[in-house]
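Can you read through this structure? Questions will come right after.
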Amino acid sequence: MVSPILLIAVPLALAFLTPMVGLASKSARRYMPAIAMLFNFIVAMSLLPKALEAPIIVRTAGWAPPLSIHLVAGPLGLLLSSLVALIGLLVAIYGIDYIREGARARYDVLYTLLLVGATGVVLTGDLFNLFVFFEVLCISSYALVAYRGDSAGVEAGMKYLIQGAIGSSLVLIGIGLLYGTVGTLSMADIASSVGSVAGSRLFISLAFMIAGFGVEAAIFPLNAWLPDAHSSAPSSISAVLSGVAIKAGLYAIARVVYTVYGASSILPFLAVLGVVTLLVGEMCAFAQEDIKRLLAFSSIGQMGLILFALALSSATGISGAVFLIISHGLAKALLFLATGYMIYRTGSRDISSLAGMGKRMPIMSLCFTVGAFSLMGLPPFVGFASKFTIVRAVLGTGSTFFITLLAIGLIGTVIEGAYFLRIVQWLYFKPAPEAMPEQTEGRAPLTALVPVGLLAVLIVTIGLLPGIVGRALGPAADDLLDRAAYIQHVMGD
Amino acid sequence: MRKQISLLLLLIVAAGFALCLAGAPFGAEGARESRRLVKDNVNYGRRYVSKGLDENRCANIVTSVVLNYRGFDTLGEVTILFIAALGLGAVLYGRRAGASPDEAQRPSLILSTGCRLLFPLIMLVGIYIFIHGHLSPGGGFQGGAVIASGFLLICLGCRKKKLNSVALGAAESLSGLAFVLLALIGLAVGGSFLLNFLPTGKVYALFSGGIIPLIYIAIGVKVGSELSGIIDNLSGEVR
Amino acid sequence: MSAQGILITAFAGAGLSYALGLTSARLREVFAIVVSVLLVCLIAITHGQGAEHVYYPDFLGLDLVLRMDALAWFFAITVSMVGCLSVIFSLHYVRGKEKENFYYFALLLVNAAMLGIVLSGDLLSFFIFWEIMSWAAFLLISYKRGRALDAGLKYVIMSILGSCAMLLALLYLYANYNTLVISDLAQQIRSAAGGFPLWVMLAFALGFGIKCALIPLHTWLPDAHSEAPSPFSAVLSGILIKMGIYGFILVMYGVVGLKLLLEVGAPWLHFHTVLCWLGAITILIPTFIALLQDDAKRLLAWSSIGQIGYIMLAIGVATSLGLAGALFHTLNHAVFKALLFLAVGAVEYKTGGVRDLNRLGGLIRRMPVTFACALIGGLGLIGVPLTSGFVSKWLIYKTLITEGHPFLALAALVGTWGAILYVYKLLHNMFLGQLPEKYANLEAAPFSMQLPLMICGFIIVLFGILPGIPLSVIGGIVGTLGFEPVTATLTGFGPQIGPLNTLNLCAAFAGVLLVIVAFRGIAARPKPVSQDDSYAAGAAAPAGKYHHTVRFYDPLERMTGGYLRDWVDQFYLSAAGKAKGVFNGVRRIYTGDVRTYVMYIVALLTFLIFAHTAGWL
């Protein structure tokens, strides 16, 4: 039986090894991230069935949980780490030929480490360890945003760094305050002892953590770094940032709010924040002319919806949120990846430069359309299944407050439909300009078509057969909701 | 306007912070509270202090916590430093400043000789600090920083000297790899990552603490080479 | 053949036609027609079957059900028939244009999705197929580029809005009854009380109303119908908007049920009464707007809205005759509106895209078959006796009068007068009058375009003379929806409903025909004279255009034009413009100054702390 800690240790070792491989063969080095993520995907998928029954608790240094750092590979953690590995794998394959400039050697290492960070965040059972992996994730994403070294990238990276660093400090302060109050860092242990501590001391540490993790999770109004960062980064990086990284921030918030604090009083506020994030994101995306900025704002909107669903505090709501995390991850990764080569082809990020792309890059355009339809929540794509689950959960609560919020939030969906379908029209129903500088190196190689195609196939397949992931969603929701079971699994009886 | 708003915001945050700290154990009330915290199963810090010596045979309790109880965090922290160095390299890639006028100026003989004289001594101190990390204050991070300062001295004092970035990178990678592999051997041998699988020896001896000194050596090399790499990158000479 | 088999055939047909198109265009065309005809046959042989079965157990925890009953069969046969005709018509229409593969795929997909809608036995599959239909239709509306892009966006935005409302409604039902299977819902909802059914109905009405272009939700339709490719306009107008009608019937009578429906709403204002009046408004205003249109397809589009008004009016009356009239009119409108759009499409095809009524004329000599069919279609639209439109309108009038709704009846009547005017304008300006010289050598439309026209024309006349054929089906449907079944004889109705016998009409028609023939025989044969004699009073006939048909109904336009602007559309457009302004304002949150951003972070933290100390959280 393999240990879930290999999901962190092996890619980490491979990342350290990558520069050495690079000394031997430069072309072999490019495959290292893909190998690491392939390993992770296989391991995570093989562990998932077992974790669905009961979380796998992993000790480090041989000590029983509260004493030392431990991983809790529960249904939610393993589901998300499978998603991280899957998206990571596909984007890594895409990156083999896509990244042509800059310090290639560093790209491969940073990319792997970013995914290690995300995997660590979702698997760890220790609050400070969560912070450490969160930093691994964040710092590698700062570096990757600025990777190209052009002025836009460096500026975006710098802004991201400043806001992210402030967010991280807030998290650290929050953890410090909490540790000072309860004297332990194991999340299960904290959860079992927060009940005995006065409310306001706890709440303030929670406030620090929400504000801190919220920066990475792109919650309004903490998300100002995102449009710049996601649009300035190379497309493969945008894909993992949007598909994986921001989800890790949201996972951290959910874990802290539900498991660590069991703070149900803040949930309505988070729901409102979610809907505001959704609306602001979609509104800002609407008038964008820069395709990558548009996708970035659309990510903000989707994060808002996920946050809203997470705040429902019902099993269906959280299943819907996790489902949307999966479907948005797949679709947004697909969109960024497809956009990457379109931008290479035209040399411009303007939406109007996509005119006639349906003829020039048919497969990319088709996949882009599939991704866009899925994001809008149109059947038979996976986005529909996830949005449907969320709406069902909201109406299942029967609370007028949530239903009103949902009705407001659905306006965001309409806006989203408007701008995505406009792009689809640009792709297919606008004639390509006659004298277009054809950049031959923009032709998408097989390493780009395969991941993009696979993502599209996944979107359709899971959309038609939502049962594939549906089985894991229920346990994943319980993983968050059922504090008592979590504590009992980790701490023993 | 912006200033006033910022001030107001900060005041509220400060008030909240104060509210949170107001409950911390202090004075007579605090003493009662802290007596409750004396028990080991409530306060893990206290437990580490009381049991750490027996469990790891590592004279420096801080090291014991850093590399054993919370060694997984340390792995992450080393990685963070690694990422920071790499990230800097990636951003600076292709931004090589041209030869600045200062560079033409040769360092004086006294300066360059002094630097060369000091360099081995600094190395020695650094290595001492991380090899004795489990016995005395200090450790891999501190030792690595001292070593990097030696390279910094060379960079500043002897302008002609260039650091061998390939060797630095190799040291960085191999030491990181060594850390992970040591931890994985624990997993293979005893079923637990980072398990202290070596005999722990006698307390206060140089060869004690099991894998802790080995990990600290790896960290020392890694931190030293990473920080040197950062210096190398910033000096803008070598790719 | 089960409903499942029909759907598999339909969807697989759509996919395969794309795949085949990659190899050979001819193969794809043949295949598309074979699939369409096959679908008609498959559905036809399922007549009279009633079945319900789960085809996809446990989709997100819900069972997806297909069912076949009288109502579903009726709509399915209409859908497949009009779909089939439009595919046949498309053969020449799109040949040589770009993206033919995509065109056939999308057209077949829309048809398949519509079949899915009507065969769905639960509201979730209904919704899924509904959405597929919506986006596939969006792609087809955008097909012709140019202004079609805006039309497509307008359509799809409204459509998404409607879908959101529907989604809320159906999940509201689910939250209360824990099932979405229509037959189960119908059982359980009987005990519902209070505002619950009203909210559900209102949300559904928003969704369906947008799709079937009920005023004031109609604004997408004139643009979309006129900009879409003509065969697809026929589908849009003929059957796609009828999905909204189907939805209304399904939810009002199939789910909520007649008994509960009559109580929905305030005691002094019932839901179905509002629907009636909306229907009446939807008859009146669009009919007069249609009069003023110069674009043939736009005229027909507005006319479609008007006819939807009739159907809604008849549904809202909630009587057995009304529902029968609504269903029959749905079928009739599908046939004659498809015919008219296809006829316009044929003209458009031959004249190179001209649909402007001011620039056409005299085509009767070049395209006689098209004219004859269009004439039958136009007469059907007006509701002239011996066409099927007459019988359905007769039913609607009859029920309005017997139920005592004088104003509604008047609205329906005025709508018919308007229809006479615009049908005359359409037919005259296209086919009668002087033939512009550039069309002097126009050839008749190819047979693949004439065939659908002739089939439609035949159906109109057949059902006009023998209304008993469709009414036997419709009567049964009415019976299954909780009304008294409507019994009809082959040629009309018995005395219990009201005396109508098309045989008598035929006899009268034959008699009049006889008189005319006899009169022509007896009277002196008219003497042919040269044109110079009659037209120009002896002067030489002008060489250029002398028969002007521009500004038809000009006085009427001057009188009513000021009132008949599409206020609703303007309102929506200005709202959309305002919304864009707001969106741009929202973008300014992101100033680009990182100090502001940091302040946002601290502000949120501050708010949380403040809200906590204030006791809000």
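Labels A, B and C are assigned to the chains in the order they are written; within every chain, residues are numbered from 1.
Here is the rule we go by: a contact is a pair of C-beta atoms (placed from the backbone, for glycine too) under 8 Å apart; a residue touches a chain by one contact, two chains touch by 3 or more.
Model, not experiment: these values are computed from the prediction.
Novice: Determine which of the two chain pairs, B-C or A-B, is joined by the larger number of C-beta pairs in contact.
Specialist: Between the two chain pairs, A-B has more contacting C-beta pairs.
Novice: Most central chain by CA mean?
Specialist: Taking the mean of C-alpha atoms per chain, the most central one is A.
Novice: If you average the CA atoms of chain A and of chain C, how far apart do the two points sit, in angstrom?
Specialist: Their C-alpha centroids are separated by 44 Å.
Novice: On a C-alpha centroid basis, what's the spacing between chain B and chain C, in Å?
Specialist: A distance of 73 Å separates the two centres.
Novice: Using Cα averages as centroids, what's the distance between chain A and chain B in whole Å?
Specialist: 30
Novice: Please output the residue numbers of chain B that touch at least 2 other chains, ranges allowed.
Specialist: 16, 19
Novice: For chain C, what residues touch not just one other chain but two or more?
Specialist: Chain C, residues with two or more chain partners: 603, 605, 609, 612-613.
Novice: In chain A, what residues contact two or more other chains?
Specialist: 200, 204, 207
Novice: Under the definition above, what is the set of chain C residues touching chain B in their complex?
Specialist: By the definition above, chain C touches chain B via 595, 599, 602-603, 605-606, 609-610, 612-613.
Novice: Which residues, counting only chain A, touch chain C once they are in their complex?
Specialist: By the definition above, chain A touches chain C via 158-159, 162-163, 166-167, 170, 200, 203-204, 207-208, 210-211, 214-215, 221-222, 224-225, 227, 265-266, 269, 280, 283-284, 286-287, 373, 376, 378-380, 384-385, 388-389, 391-392, 395-396, 398, 403, 406-407, 410, 413-415, 417-418, 421-422, 424-425, 428-431, 466-467, 470.
Novice: Show which residues of chain C lie in contact with chain A when the two form their complex.
Specialist: Answer in residue numbers: 58-61, 99, 102, 124, 127-128, 131-132, 134-135, 138-139, 142-143, 145, 148-149, 152-153, 156-157, 160-161, 164, 167-168, 171-172, 174-175, 580, 582-584, 586-587, 589-590, 594, 596-598, 600-601, 603-605, 608-609, 611-613, 617.
Novice: Using the touch definition from the top, list the residues of chain B that touch chain C in their complex.
Specialist: Counting only chain B, the residues touching chain C are 2, 5-6, 9-10, 12-13, 15-16, 19.
Novice: Under the stated contact criterion, what part of chain A meets chain B in this complex?
Specialist: Going through chain A, the ones touching chain B are 3, 5-6, 9, 12-13, 16-20, 23, 58-63, 66-69, 102-103, 106-107, 109-110, 113, 116, 120, 126, 128-129, 132-133, 135-136, 139-140, 142-144, 146-147, 149, 154, 157, 177, 180-181, 183-185, 198, 200-201, 204-205, 207.
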